[in-house]
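Read through the structure below, which is laid out as structure tokens, and then see the notes.
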Amino acid sequence: MKASQVNTGVSLKMSQSSQKFSSTGTQATRVIGVLAIVVMAWVVISGLVFTPADVVQGESVRIMYVHVPSAWIAYLAFIVTAIASSFYIFAKRHSLGFDRVAGASAEVGVMFMAITLITGSLWGRLTWGEFWQWDPRLTTTAFLFVTYIGYLAVRRLDGSIEQRARRSGVIALLAVLEIPLVHFSVVFWRSLHQRATILDPNGDVKMDGLMLFTLFSGVVAFTLVFAWLVLHRQRTMLLSDLSNERGLDNAILARQSENASN
Amino acid sequence: MPSEKVVDFKDVVIVYDNFPAVAGATFSVDKGEIVLLQGPNGAGKTTLLRACAGLLPIARGTANVLGCDLSTNRVAVRSRVGLLGHANGLFQDLTVLENMLFWSRLVGATRQDVDQAMIAMGISGRLGETQVAKLSAGQRRRCALASLIVRRAQLWLLDEPHAGLDTQGRDELDRTLRAARDSGATVIFASHEIERARSLATRSLMVTTGMVKPA
Amino acid sequence: MDLTPRPETISPKRRRWMPIIVLSLVGIGGVIVVTQFLSSAIDYYCNVDEVGVRSGCDTANRLRVQGTVEQGSLAKSDNTTEFKLVFNGKSLDVVYSGDPGGVFQECISVVAHGRLVNGVLESNRIEVKHSNEYEAKNKDRLENSGSAACSQVQG
Amino acid sequence: MNQTPRSRVVSAVLTKDLRIEARSRVVTNQVLPFAGLIMIMFAFALDNDDVLQRVAGGLIWLATIFSLFVIVQRSFAIDTSDSALDSLRVAGIDLSAVFLGKAIALTLQLIALDVVLIAAAFLLYQVQVSAAGLVLLVTCVICATTGLGFVGTLYGGLTAGTTGRETLLPLLLLPVVAPVLIAATRATEAAFGSGGAATSEGWAWVGLLTIFAAVFGIGGSLAFGPLIDE
């Protein structure tokens, strides 16, 4: 193991300090990665070839297989961020591992939210005739997106790692309150955007069988991609924290030997 | 009383701006001491004082101040210490008296405490009605010291308290610190006025490159 | 001058759950205000039967009217498209300058933007409001009788 | 057990912030003209009384929110310029009281600003207001500025003393204050009767403003201490 020299004889406050890294991959992430590729391949083929065109929308309905899962996974990512942040804030021992998960999840969530907005505006152009309309669903989604860009900016503020965790944790707990507002905006108000088909409160899903199955496959594929990305990102964050810690060890030794030479 | 140790540091590392400003400091201070921290610029004196006040996180080692573990309960320390840093912590647009009354209200001091402290530091009378922005550096320092006096802390932490003061002001300050010690407080201060500081201190510590040794 | 250290200040124990309970009550209040009292103001469109009836759907203002394009009412000329919007038993004539294009067709829900002039909505923008139903475009259904297809699409 | 009572800390911080503003007049001499300029520029740009009367409510609140960014930064610059914030941390006081004191000071400054802006709207845009509308308008201003005061103080404390806060603060605050902008605008429009809006329509929006203020008042006083305590 090349990486075995990491953290020799240094007590680290990191949660996974005993783990040795040669890459950020493990058996589990490899399995997730392979599964993600397989399911994604099925979604692409089924979405583009097997599924029929919609009776009204025609071919543009295929955008749905990307748009809907990415929106859901963005919500999921932000909820994961909030849960991890609350674990960091409310637990007695403020474990930085939760903060890294929160940060990693928010980064991936912002990416999925961007995909949602881009695919959504393409679909809107084809169906409504407009890229963007200031209707309740679209407006609240835009606010959610900007809020989490702000969250990521707060993580980049100067200060210690603990400060970063605390500041971003507070924002994550406030920002997650927007998600129900975004999701139910189509129920609360009349919106140009259609209501949820699959999460219909009455439970009657009005969708063609193969379309529905492809959509679910899309959700599974995107969830796997999300998990894969978060696990890796969270570990690169840990590595960067560890390397800072190692840099600190060297700096301490340098500072102490500077003392001896005087 | 389990221990008379007011400050107890063991192998403490304090990181400031990704730099180990304190790199393994071990020392302790007993109740009733007046301890001088001396050493060259950039040795870590200011960082040590701020850490004792509970303002900086401890990266490594164990640090205990007034019975509070700094790595777990940094905030609890703050209600028991008084800190005079490089900056004075004054509001430029307020008068000396308004500044004093603001800080005294926060810490629960009476008007009488304020008047006495202002007389002790020689900023009472007409000077009290002057805006801080119009004062000289030495007068501001006196004002900051007066607001530290009304704090009546258990542990006094002073960073270069003599800097900028005239001889008379320095004498007043030394007298006040000795009186505080006699009333049961403990004092740690950093200074470059070695002659004067040594005569005031009961013990000196040498701080060099983030380490602490007896001087 | 008294310099004796002040006795230790101990912050009183705060009940940690109270603020959270209050916060959630306030949140519930927020949801009620937003959903019960503010819906008419944030709604994107008015339905055909509400024009001139509901607050926020005044005939003097520029309107966004939602309804279904009535079957057989669509008439296209060189520069205009005329059709009837129906919803909940009421209908409204719409004159649109131009060709809506896209998936616009009879029997689907649309939102038409425009002003009412003599009881006719003069529209210059039409958005297709897609329903939350997705069904396969297959031959059988296209060959169905028109009225059956129309009732299928209406949301 | 002699922790300084919260009310005393709140009033000390509040009077300190207001007194400093009364002396330095940064808000009066810089923010107020800036906000007034926004109103006048629009009067020139939209040289049409109908349109101006219609958008008056929105302009008032847009100018308020732009001013909020400046006032919040000023409010924390007072405390960070000579490290007074450090002294506040070491004073062993309940920092949620500092939050309340600063938020109330901010709210009072915003109310003063809005009074001037509304007066400007009467002069420049010829808006009208009935007695019932005036009651709605006053309530709306109080509720909206309270919410803005809380949320501004929370985010101002979060970014206080960091580099790049000038640009970060609007990025963080804008999506959060958007509901206030919408609700206060609609309530003000109802009070002015712009576009035939009825006064009664405005009260639901005031309800939303009240709830916004309550959420950030409670959330802020819980979170402010841990955020500043570093």
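Read from first to last, the chains carry the letters A, B, C and D; within each, the first residue is number 1.
Rule of thumb we're sticking to: a contact is a pair of C-beta atoms (placed from the backbone, for glycine too) under 8 Å apart; a residue touches a chain by one contact, two chains touch by 3 or more.
Computed from a predicted structure; not experimentally measured.
Among the chains present, the centre nearest to the common Cα mean is that of D. Ranked by distance of CA centroids from chain D, the top chain is B. Across C-D and B-C, the chain pair carrying more C-beta contacts is C-D. Inter-chain spacing, taken between the CA centroids of chain C and chain D, is 32 Å.
Averaged C-alpha coordinates give centres for chain B and chain C that are 64 Å from one another. The distance from the centre of chain B to the centre of chain D, with each centre set as the mean of the Cα atoms, comes to 37 Å.
Computed from the mean C-alpha positions, the centre of chain A lies at a distance of 47 Å from the centre of chain B. Among all residues of chain D, those that touch two or more other chains are 2-4, 92, 219, 230.
Chain C has residues 6, 9, 11, 27, 34 in contact with two or more other chains.
Of all residues in chain B, those touching 2 or more other chains are 57, 79-80, 107-108, listed in ascending order.
Interface residues of chain A facing chain C in the complex, by the touch rule stated above, are 51-58, 60-61, 64, 126-130, 133, 135-136, 177, 181, 188-192, 194-197, 200, 206-208, 210-211. Put simply, chain D touches chain A in their complex at residues 158-159, 162-164, 168, 171-172, 174-176, 178, 219, 223, 226-227, 230. Every residue of chain C that touches chain B in the complex is listed here, in rising order: 1-6, 8-9, 11.
The residues of chain D lying in touch with chain B in their complex are 2-4, 8-9, 12, 16, 19-20, 23-24, 78, 81-84, 86-93, 229-230. Per the touch definition, chain B reaches chain D in the complex via residues 53-55, 57, 74-75, 78-83, 85-94, 98, 102-103, 105-108, 131, 147, 151.
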